[in-house]
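Chain naming follows the written order as A, B, C, D, E, F, G and H, and within any one chain the residues start at number 1.
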Amino acid sequence: MIEEIGTTEQGELVVNLGPQHPSTHGVLHLVVTLSGETIKKVEPHLGYIHRSIEKMCESLSYRQFIYVTSRMDYLSSHINNHGCALCVEKGMQIEVPPRAKVIRVLMDELTRLASHQLWWGAMAMDVGALTPFFYAFREREAINDIMEETCGARLTMNYMAPGGVAFDLHPDFQRKVKDFLAFFRTKIDEYDELVTDNIIFQRRMEGIGYLSSEDAISYGCTGPTARGSGVSCDIRKSVPYEVYSQVQFEEVLETGGDCFARYNVRMGEMRQSISIIEQLIDNIPGGEFLAKTKAVLKLPKGEFYSKVETARGEFGVYIISEGGTTPYRIKFRSPGFSNLSALDHMARGHKIGDLVAIMGTLDLVIPDIDR
Amino acid sequence: MTKEELKISVTELLPSASFEEGSEWTTVLTGPDGWDSFARQVRSAPQLDFDYLFCVTAVDWKTHITVVYHLTSTVHRHTLVVKVKLDHDHPEVATVSGIWRTAEFHEREAYDLMGVVFTGHPDLRRLFLTDEWKGWPLRKDYEDPVNMIKL
Amino acid sequence: MGSSSLIVLFFAGVAFAAGGIAAARFFVKGTKNRQKGEAYECGIPTSGTPWNQFSIGYYLYALIFLIFDVELVFMYPWAVAVRRIGMPALVEIVIFLFILFMGFLYAHKKGALKWM
Amino acid sequence: MNQIPLSHILFVSTALFFIGMYGLFTRRNMITMLMAVELILNSVNINFIAFNKYLYPEKLEGVFFSLFIIAIAAAEAAVAIAIIINLYRNLHSIDVEAADEMKF
Amino acid sequence: MDVRSQNNGNEPFPGEVHPTAGGGILVTKLDEVINWARSNSLWPLVFGTSCCAIEMMSTAGPKYDWSRFGFEVARATPRQADVIIIAGTIVNKMAPVLKRLYDQMADPKYVIAMGACATSGGPFFYNTYSVVKGADHVIPVDVYVAGCPPRPEALLHALITLQEKIRSGN
Amino acid sequence: MAFLRTYLSDIYHGARSLLKGMKLTGYYFTHRKEIITQQYPDNKAEMKLPERFRGEVVMLHDENNEHACTGCTACELACPNGTIKIITKIETSPDGKKKKALDTFIYHLELCTMCNLCIQACPTDAIKMAQNFEHSVYDRSQLTKNLNKPGSKIREGVE
Amino acid sequence: MLSIENITHSIDVWLYGTFNPTAALLLESLIVGLCAITLFAVLGLVLVLMERKVSAYMQIRLGPNRVGPGGALQTVADTLKLAMKEGLTPDGADKFLFNLAPFMVIVVAMLILVPVAFAKGTQIWDINIGVLYISAVSSLSVIGILMAGWASNNKYSLLGAMRSGAQIVSYELSAGLSIISIVTLTGSLRISDIIDSQQDGWWLFKGHIPAMISFVIFIIAVTAETNRAPFDLAEAESELTAGFHTEYSGMKFALFFLAEYVNIFIVCAIAATLFLGGWMPLHIGHWTAFNHAMDYIPSSLWFIGKTFFLIFVIMWFRWTFPRLRIDQLLSLEWKYLLPLSLFNLLLMTLISIKGWHF
Amino acid sequence: MNASAVVFYILSAFILATGLLAVTSRKIFRTAIWLLFSLTGVAGLYFWLGMQFIAAVQVVVYVGGIVVLIIFSIFLTQQSGKDLPSPLRRRTVFSALAACIGFALTCLLLSRYSSFRVKESDYDFAPDMSISAIGNQLLSTSEHGYVLPFEVISILLLAAMIGCIVIAMKSKPGDK
């Protein structure tokens, strides 16, 4: 009797959310099957920002390809670059000078802070509160200014280079970072006041989008998404790189598995990042910031895999080299890709409004998924 | 489990497997036959317990295609890399999406970009590209005179 | 003004809306193309029509609302008169509301006020 | 108002009544039939109000009657729609003919 | 359907591109007023595909605050928007969507191509199989702004440039 | 009774949390000094960009209209996305030696990602990043630039 | 003293003095109509600008400040632009209803203006069922939204309209009960009577805690009824792009937009009338000097001041709170507001019968 | 004919025309909208008669309640985009005929009594009286009071509410 596509069963409605939709944070396309307001199925359609980065990288040299990776997860562009640099260094067996190591970690954590701030604002916007977005951007702009001063750009800095970092820190860096931390410590309490403690917000988050720890592992979720389900998966702890083994910080774990748990993990991570930066900011060793490398980098034949913890989870770089100046095949294991695959599982049975909240707490960056 | 111990347990499960040296993780080379049951066993065997598949990569070696699975156990914290060697023209391998849910998307990606067919996959369709796309862009012999401007 | 104000305002509203819409008609020559008239759905061609059966959990609220709405209607004259009549009015309304409240509790207990 | 004789108002209400009747006869769909019934009830209400106004302007009985009619109409509509929905759930149709098969 | 067909020049792309019309019956004075109104009330469509969208959000943010110009009424539906800011890469799969969104906007409508990707494909010009080499292959663009991403001031500059264009009456 | 207690305390806590949020926004509403907006086109005069900010690639010319580019194409090779095209010519110096020299330095601003790799690659520091960011144009062909000024030549002594 | 009452009165006298009654009535109608239209336009312009400025200041930014002095002409430009924008009708839509819906909401918004007392003696028609009239007419607006949502033939529109339908009808109950609880005190539905009864103090203060509770409930309910955040599910941007007016463009959209703001104005005016004494100046007990001073402020200013304060509060809500989910929204009404307001009404009745209020 | 009479005739025409559309329209959603207009017209008629209270009640209950409920149930049970099946020609003709005849007969009857004319003075009970008068009489326990029906209405509403919930929430026989 009902022959139109679009209505599968009686009373069900198939709605496209995205690719142009305010809550998909870019161009994710979700085909949502609804019964009334209740979600029966969510089917992500990807590829609306598939830029063939992996193919491109096959024709870029080891110095050049790093910059493309900042365009994947542009909110953790630094950390992505870091992962790539680590992988090249692993292949070339370059010893990174200690100063560069600390600078890298500092920048990573600042990036993580900026990313989480943006997430906080955007997620609050998704659930309908518009003002937090602006407060988040105020703090983010402070970080951007610091970044711009040292790296020369606001978002896609291209600051990492195989063997260290491209420039030395700006002389004002330490002072500004300290000022910022002092400022941000008060603001993060405001975040709690405005959003975390808000009853509407809590009710919108609690019990929504439950993901058990087994499912989280099975779906390959990482980062705050998995840690919200109690899965310990912080690469900074489990496979420490750079100076992460020397700083004190906690892996924030929540066992709720719902949106609120994921939210709390990210809020906790912001505080941890602050403490990491505070520990390191006064202890930047002197010396070189960039190891001496050959002008043209050639990785030996073989396979190299390195992973880092971005703001969204485990970012893996898998380089297969045939010994030339360009990678033979390169694969980026992006955290968002796996996290997204759990979306359908999490969203079933909830309302449309919850779908938005769940996506908000997954913190998807679509180019990171599509590559 | 150390690398050596891992090797022993793997050989027990899959006698035909060979090992590749020189990388940081235990690397197993195998063909498409038996991969399915092997995967099931490494997932369920309590001393192995590879519950977390973190990366699936398809590589075009011009003569053949390998699919590389990176596995980790969140319990034992050991890592295993399995490379499944497939025919270049008709790459086919059993799906593991029933064992690790994350594989569903990763396999679709490999199918989309490399043309590897995962038999038994619940929903093997193009993932990133449009349905009417021709060819497997990540293969080395892929040519696209219209869209690809070579530098 | 008396009741004629209703008619006046009715026409004022119509004139206001019509004037605005007509101005746009007059000044803007819109372009036409094949996709302009199609429904917007985030840039993807829609499939199917929303004018189908559409299961909603709202109707129970509407049902209960209707009952309460009638109750509300009876309360307006009551509220006007309550001060003049005094205590008996209170008693009457307590009975009235009590009976209705039983229904409300019943609805609550049956989960009619839970989202479906 | 005084220029309009009562019979004109009654004329309107009668017409409305028969329009409702016509709808009730022709429609097979329960919801539309319900709508026709609402029209009929309204025509009755018009009569009550008009009689009250024209014949016993000092009394309020007509007002009360229509007030109660409206209340009862609302209750009736609510129950009717509940029944329609239930029927629809069971038979996937709200045609009156389909309702013949109703088993309970 | 993808942009390849357009590149080949065979198959027509869905929907036709028309120059934005301003109407020819207006007297100049009225024209000026209308252009003033249009230029000062550019409501952007919520449309960001990738990294540039973040800078677009920064422009909306408190520090750069495009609401000073009256741009802040970002509409999620193309029916109510006046300008698309193409913030980010357009890939072949997205191109029909972009085209469709543009087509569905009510006239008059304007387009700003923000960033290297939208102007020309930018970093993804060479060796990619899926990126549209410039959004103007898909829809007519009024203002291009280079940068990767352009800083918020650069976007504001682009918006001011667009305002000037509208005000000058073409 | 316990039900009523939780019911009322729910309301109380809910209302309190809402009021707390309103207090914060109310605070910002009444404190204008917290506003951090910069007024871009009006603040051009005092706007100071950090010196490392990368706006576009420029070639340095001195007062004699001379630059330091040898036309070695190192920058072209270093650029990941083909932004730079160097066209060289063979120049005969007065003493009859033939030398490769820069003819045109084509720079596609619309492609450039400001990644700084060309600058790092240049052996003679002939090019550098400028801070100009106002690149809006109506026609994208205006973004393709010729970096060496007309009639410029290479500075003496640069190899 | 220049007050609106005197002006309207003198116009009235002049009209009936110079023309014959029919012509005078026609002219008066014309003037009233024009005034209403002007009021609409001005309200739209001012309220939208106010919203944008308020939001800007709460969000630590400046807000529109470049068009006209301090951005004052921003909304003028917006309105002009919208009027000069193409008004689309989608092909698949039910064209008749699609175009009828904006008329419906605007006419409804116009009609609600009838009993609002803008200043002392300035009322279009002091209708005897005053507040009941308002709740009756405003219940019509839900039909306009349902019509718009259905006729658009768009899934988001329909979902938005359904939500808004459920939401508006539900919250009508609490709003109605709050009104009734004040009516028990005043004993009249007529707006002028309600204002007169507050001569010696506003009901908000005279009616003790029950009045405050019903005030709060009323504000919450009308926020929901006008589809304002945090109850803006009908146009929840992050879920349904633009909700029921997704397919509307140009002036037709502007009419919805305008009707929303006019409705806010009206409900705030009603709240001010019921609880804050309408145009009544603030009088405190026996402070005669103070009361006299207050009397010097024109009544229209009092009215506008109170109304805009309430509008500000509603805007404040919007820019602070996240949106509720549809089931939470409904359970807030049915589990909290409705029982509370029923209970509150009984308390209020007791107070009014016993004369415990001041 | 004065203005008030004109208003009456316009209103009546409106009520009848929209009523007729409501029973003949083929699109079910439009049917509901026409019904709505017809009911609003009836409210207008009450207004014209000076019965503001009943007019408001008509709008609140019919328009704000019943029509909304009808619209919801349309969405739930119909393909609101599809045209309703047109009724059998025979049945249409027959019903139209029956309605016409009935109407004609009633009119005939009515015309006999067309002499109901009311003295003008009788209208002048102050309209404001009405609402409080209604309230007073509604609550009065005297002979003419309506307090008993008032309470009975609440029982009726209770019954209706419980009935609705019981009926509407009854799930399919198949699924538990």
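Things to note:
Heads up, the rule we're going with is that a contact is a pair of C-beta atoms (placed from the backbone, for glycine too) under 8 Å apart; a residue touches a chain by one contact, two chains touch by 3 or more.
Small disclaimer: the values here were computed from a predicted structure and weren't measured.
Chains that touch both subunit C and subunit D are the following: H. Least step count on the touch graph, subunit A to subunit F: 1. Simply put, of A-E and B-E, more C-beta pairs touch at A-E.
One finds 63 Å separating the Cα centroids of subunit B and subunit G. Per-chain Cα centroids separate subunit B from subunit H by 70 Å.
If you average the Cα atoms of subunit G and of subunit H, the two centres end up 28 Å apart.
Subunit A and subunit C have Cα centroids separated by 44 Å.
Among the residues of subunit A, those in touch with two or more other chains are 2, 10-11, 13, 15, 19-22, 37, 47, 50, 52, 55, 59-60, 67-68, 131, 133-135, 138, 141, 156, 194-195, 198, 200, 351.
Across the assembly, subunit G contributes 58-62, 84-88, 129, 132, 150, 153, 155-156, 158, 162-163, 165-166, 169, 172, 187-189, 237, 241, 246-247, 250, 319-321, 326-327 as residues in contact with two or more other chains.
Under the contact definition stated at the top, the residues of subunit H that touch 2 or more other chains are 48, 53, 57, 60-61, 64-66, 68-69, 72-73, 75-81, 130-132, 134, 138, 153, 157, 160-161, 164-165, 168. By the definition of touch given earlier, these chain pairs are in contact: A-B, A-C, A-E, A-F, A-G, B-E, C-D, C-E, C-G, C-H, D-H, E-F, E-G, F-G, G-H. Considering their complex, residues 41-44, 46-50, 52-58, 115-116 of subunit C touch subunit A. Residues 25, 28-29, 32-34, 36-37, 40, 83-92, 99, 102-103, 106-111, 113-114, 124-125, 129, 132, 150, 152-158, 162-163, 165-166, 169-170, 172-173, 176-177, 180-181, 183-185, 187-189, 241, 246-247, 250-252, 254-255, 326-327, 330-331, 334-335, 338-339, 342, 346, 349-350, 352-353 of subunit G are the ones that touch subunit C when the two sit in their complex. Here subunit B touches subunit A in the complex through residues 22-25, 51-55, 57, 59-60, 68, 70, 74, 77, 100-102, 104-106, 109, 113, 126-130, 137-138, 150-151, going by the rule given at the top.
Interface residues of subunit G facing subunit A in the complex, by the touch rule stated above, are 55, 58-61, 155-156, 159, 163, 229-230, 232-233, 236-241, 318-328. Note for the complex: subunit H touches subunit G at residues 27, 29-30, 33, 36, 40, 52-53, 55-57, 59-60, 63-65, 67-68, 71-72, 75, 80-81, 127-128, 130-132.
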